[in-house]
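Here you go, one structure.
Chain IDs A, B, C and D follow the sequence of writing; residue 1 opens each chain.
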Amino acid sequence: MSALLEVDAVSVRFGGLTAVDAVSIAVPAGEVRAIIGPNGAGKTTLVGAICGRVRADSGRIVLGGADISRLPAHARARRGIVYTFQVTSIFPTLSVRDNVALAAQRGLMRGVMGRLAVDRRVLDARVRGALARAGLEVDPEQPASALAYGHQRLLELAMGLALAPRVLILDEPTQGLAEGEIAHFRTLVRELAGTVSVLLIEHNVEVVLAVADHITVLDQGRVLAEGTPRAIAHDPEVQRAYLGG
Amino acid sequence: MGASRGGDESTSSSSQARRISRRGALKTGLAGAAAGAGLLTVGGIPAARAAGSDRPIRIGFQVHRTGIGAVYGRWYERTANAAAAYINELGGIAGRPVELVAEDDGTDPRRGAEVVEKLATREQVDFVYGTLFSHVVIGSAPRAGELKIPYFVVSEGYHVASGKLNRYVFQPGITDVRSQITAVAGWMMGNLGKKVAMIFPDYAFGYDHRDFLSAAVEAGGGTVTARIAIPPTETAYSKYFPRIPADTEVLYHVMVGPGVLTFVREMGEHFGSRRPAVFGFVDSLEGVPMTSPGLEFLDGTYLWEAMPRQAGQYDTPHERFYRERVGVGPDGASIRDPKDVSTYSHMFGCWETLFAIKEAVEQSGYRDPTPADRKALIETLEGFHGFNEGRSHPQGPKVFDGRLHQCFGQQFVSKVNAGKLEVVHRTAIEDSRYEPAADYTKMAL
Amino acid sequence: MSLGPHLLLALLEGLVGACVLALTALGLALVFGVMRIVNVAHGEFFMLGAVIAAACAGLVGDPPWLAFGCALLVAPLAVAAVATAADWAVLRRVRYDPESTIVATIGLLYIVQQSVLVLHGPDARAVPAPFYVRLDLGWFGYNGYKLMVAGAAVTLLLAVWLGLGRTRLGLYMRATQQDREMATALGVPVRRVYATVFALGAALAAVAGVLVVPIQQAHYLMGLDPLLLSFIVVIVGGLGSLKGAVIAAFVIGVSDGFVSVLFSPTLAKILATLLVAMVLVVRPRGLFGTSEA
Amino acid sequence: MSTSSARIWLLHAAVLLALLLAQPLLPEYHYVNVARILVLACYAVGYNVLLGYTGLMSLGHAMFFALGMYGAGLPVYYHGVGALPALALGVAASALGAALFGLIALRTRGVAFLIVTMMFGQAFHLTLLHFNVYTLGDQGFILSETIRTLDVAGAAFDLADSRVKYNAALGVFSVCLLASLLLVRSPVGRVLVAIRENEDRTRLLGYNTYLARLLALTVSGTIAGAAGATYALLFSYVGASFASILHSIYPLLWTLLGGAGTTLGPLLGTGLMFYLEIYARDLTTAYLVVVGAVLLVLVLWAPRGILGTLRDRKARWLP
């Protein structure tokens, strides 16, 4: 099977500490892949290395057959690797609309003129679409900082969607969301599956088991186990290390 | 230059309007406002325009109250005020009182031009006058030319005589650097030596010295052994002195700005008693007490002065009168505060320039800031050949070159002796002349 | 002058220049190190010290050492008071935000500088040294007081270094420098440490001003050049590293001594300034700076 | 076009139109003052692109102003180039200078960037002084003897005429203001604001933030250079004092006063400060105290400046 995203023996070291130790995973197109593991297992560092926030010390990252290990973060984002932050990282002083427009305009800016003006209707449509898909129903002209916490997380998600991702990295997306919002989120991820590869870092086991096609378990920077939700849920080693078994 | 030796007020010699104007001025001075009518005929001004024009002559005074020129600016202001007060005692200019409208330019060219603007258009002054630092002069002159307002500078820079400015800019009250150097270089080589090392600031003022002195030394058969340019931000100087070759006979120095004292002191520390002859420009020590700690090293060295700081060194009644009126004591310090030393060698220019304005106004029949009156004033001034020594020109007689808009005068060489500056030589005006490179009178008005 | 004495003078001037530089930059380095703020008014604190020394010389008069002693006592206290007032009224209120602090200290710079213009006047005032000895070294003479300034600089540097290492305040400062939040959690009175460090930095600048003024002179515009030089030293040495700043001061001071003697000094200054800027570009933490984890 | 967009363009058009129509009402003194303010406001508009919209504080912008000034002034002085080509040369010089400087300096950010700009600015100032033979250093030089008219499309306007100064200044200012408005309201402008708010996040949205910052610095330096070139041509003087550090602090002050990150703030701030200084000068010798006091007041009570505060409170639509 040819995977869309291949992580090949990637290691990340901080000083003497090896946060990610020769991790290899392969994610096919359209798969929802959950990455789980105890705190400090290296999950966020791993996805950081994938999207380019963190520099990998060794190993390769391949997207659609092309080695992107040397590309800077913005170039990877342009190729479709989209990261949504664990700690909400929106632009608080900009309006909700502008936040999403920043992401949505990315694909529209072509050439000098495209950088100075984009088709407003196309942009507006994309912004509305992303907001709707994320389930964020608020006044788009208000500053993002005025949103409630849960809504800020949805805004973060809308920004990720507006970038038209090929690989969408969701870092703890349900943290701080209300029950209804979590339900909407589950539906959304399942909708995305099939067209977008999703890398999901999540603590909520219920969510993971409900939406993931495949699960990778990390522990102390290494892959502890990999398999279907059912297999992982019954893996004794995983239960011992992670599920508190 | 005229031969008359005026007591109270000297006059320039060339203009035919002279007698009429003087009579008019005196009359007005005696009879006050009512005598305004006595002036109506002067210079052929139509009587109708002069009606009620006993308004004061307003002279905009562009002064360095802040910035690097502030030490000079303070004394320029005192001198200008003293001169204006004296002129008013004499009955004003053409019978009209003089009013100075002072404005700080921050010793900054941008602000200088803005000050000219304000003085000319908001304050509606008759003339602008007073600037010292050359970058402010050069920054302000174009606007003065555009506004067609006569602009009298007291700058000693060579820029007026170089022809770089415009027809509205005059320097009738102070000699320029080039003429000063030309005048004293001969004495220096004749008395101190012909192998000269120069130390000067690494910017335009220093370059004037470098270029004109080099030329004068070479013309006099001497050699320049070193040219040491000191960066404008320098605060320590000892490290530069080793560059002075051992066979140097004369060390020529000129510095400006707050670092000068350090410079002179470190020069003394470095050489001790084994120094070459030292000749400097007093610019380095203007506003600085000769008794400042460390300056004892200057004992036995020579300084150029345009006007001797020490009383009695150029002992004329006019000099005594002037010194008293500007409030300077025998050592060159303020009468009120002995620590407040004047910029004696330069500030007479403010006094003399105001009198030059007075003479030009009175002889041209200038009444109002109209194009015709200004033209008359400028052409009259360009026709001047000089100013006689007197209370209005206490530094000495001046030759005025109308083509250059620049005056020429005598210079002094003083020797430092126990903290006092003693004049050892006075140059003749002819010593300071050079080949003129410009002719403003050919420019359009 | 032959080469030997020439080099001797360059070395002597360089070393003394380096000490003066280190002395001037010390306060800035301390403030930047602990508080991570750039105090643009640092040069004005230096100038205030020099001007107060001139005022003391005017009031006390002879003997010079007495006036000098008064200045050494009064200047740091007065300048520290100004700094404390500025800290209380402004810096604390902008929460030591780096850019707000820069703007605020530019404002402070003008207020201090112009107040001195009004109160002290525009003149450059010479201040007598507490003692005067001209050392005749055969080929040339040298001001003995300059050597004393160098000695005082070394003493002060040692004092600050020991103070940082051995006192509780020093411990607090180091803790605050490393991690402000952690220090707060551990019970370090961070706000008071900041106020103290800012005042101390100002006092050090003032002491530098008093010590240096007899070999320069007091003038209301004298603050800018020491400020720029201090920046250079603190940057090259590494932002926040006292040791680095001292090493940088010596490298820069000594090389300036030689370069100015051998090459065009203005050109040397231009190149040195650009070089320093490049150091910051290539190694934003400076040559000896430690990176923030 | 949305209503807020129409409102924004209308506002700017109205301001420029008011400046155009105010001419007969202005007494001579204020007439030329406003011309000066317009030129200096260009400088602030350029500065604002960098500080207000990209979040980069520079203390070396006088370098770009001076590059424009000398880029225009030297060819006039030495080769008698006409006003318009000189303006173009000045703008080109500052654009090139800003781009090259940006390539180096933008490797840093925050306080380090600020100090690098200051160091380069200082080195540039010293360079102008040192190469005195060509630049005429601190004394500077005058252009009015070499160039007296502004030749546009065959017509020659007398540069000494106040009306020519005013309208030329207004023309350059309009171009700079509208260029800055166009930029900040464009997709690229939105990216610049995003960099100001959170550069890391912007990068992960797929933007090369280094290039965006380089663009901002180049535009900023070019506009500052246009101001310098215009100043040289209209006020006939070129001198090194325009490269001094004080001249770098001014646009910071003007921008902060008017409101960093508002398109019209720089004009408001420049105008207010210009007159504030004039009136302060009538009151005290130490009028620069006013500069210091305004900076402190801004930092303490109005960090967003006049228009920034107005926008926060009343008119969120202000660009």
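Here, a residue touches a chain if its C-beta (ideal position, glycine included) is under 8 Å from a C-beta of that chain, and two chains touch if they have at least 3 such contacts.
Everything numeric in this text was worked out from a predicted model, so none of it was measured.
Chemist: Which chain is in the middle, if each chain's centre is the mean of its C-alpha atoms?
Modeler: D
Chemist: I'd like the Å distance between the centres of chain B and chain D, where a centre is the mean of that chain's Cα atoms.
Modeler: 37
Chemist: Just give me the whole-number Å value for how far the CA centre of chain B lies from that of chain C.
Modeler: Those two chain centres are 40 Å apart.
Chemist: Distance from the CA centroid of chain A to that of chain B, rounded to the nearest Å?
Modeler: About 77 Å separates the centre of chain A from that of chain B.
Chemist: Provide the C-alpha centroid distance between chain C and chain D, rounded to the nearest whole angstrom.
Modeler: 33
Chemist: Give the residues of chain C that touch two or more other chains, as numbers and ranges in rising order.
Modeler: Residue numbers touching two or more other chains: 114, 117, 228, 264, 266, 269.
Chemist: Give me the residues of chain A that touch two or more other chains.
Modeler: none
Chemist: When you check chain B against every other chain, which residues touch at least two of them?
Modeler: Residues 66, 202, 231-233 of chain B each touch two or more of the other chains.
Chemist: Any two chains that touch count here, so list every such pair.
Modeler: A-D, B-C, B-D, C-D
Chemist: Taking the touch rule as given, give the residues of chain D at its contact with chain C in the complex, in rising order.
Modeler: Contacts found on chain D: 57, 104-105, 107-108, 110-112, 114-116, 118-120, 122-123, 126-127, 129-130, 245, 249, 252, 256, 284-289, 291-296, 298-300, 303.
Chemist: For a test of understanding, state which residues of chain B touch chain C in their complex under the given definition.
Modeler: Against chain C, chain B makes touches at 66-68, 70-71, 73-74, 202, 229-236, 238-243, 246, 258-262, 265-266, 269-272, 287-288, 292-295, 339-340.
Chemist: So in the complex, which bits of chain D are touching chain A?
Modeler: 1-2, 182-183, 186-188, 190-191, 193-194, 197-198, 200-209, 316
Chemist: Taking the complex as given, what residues does chain C use to touch chain B?
Modeler: Answer in residue numbers: 1, 5-6, 9-10, 13-14, 16-17, 58, 64, 114, 117, 121-124, 126-129, 132, 134, 136, 140-143, 214-217, 219, 221-222, 225, 228, 257, 260-261, 264-266, 269.
Chemist: Quick check on the complex: what are the chain B residues that touch chain D?
Modeler: 65-66, 103-104, 106, 108-110, 113-114, 117-118, 121-122, 134-135, 138-139, 141-143, 145-146, 157, 159, 164-166, 202-205, 207, 231-233
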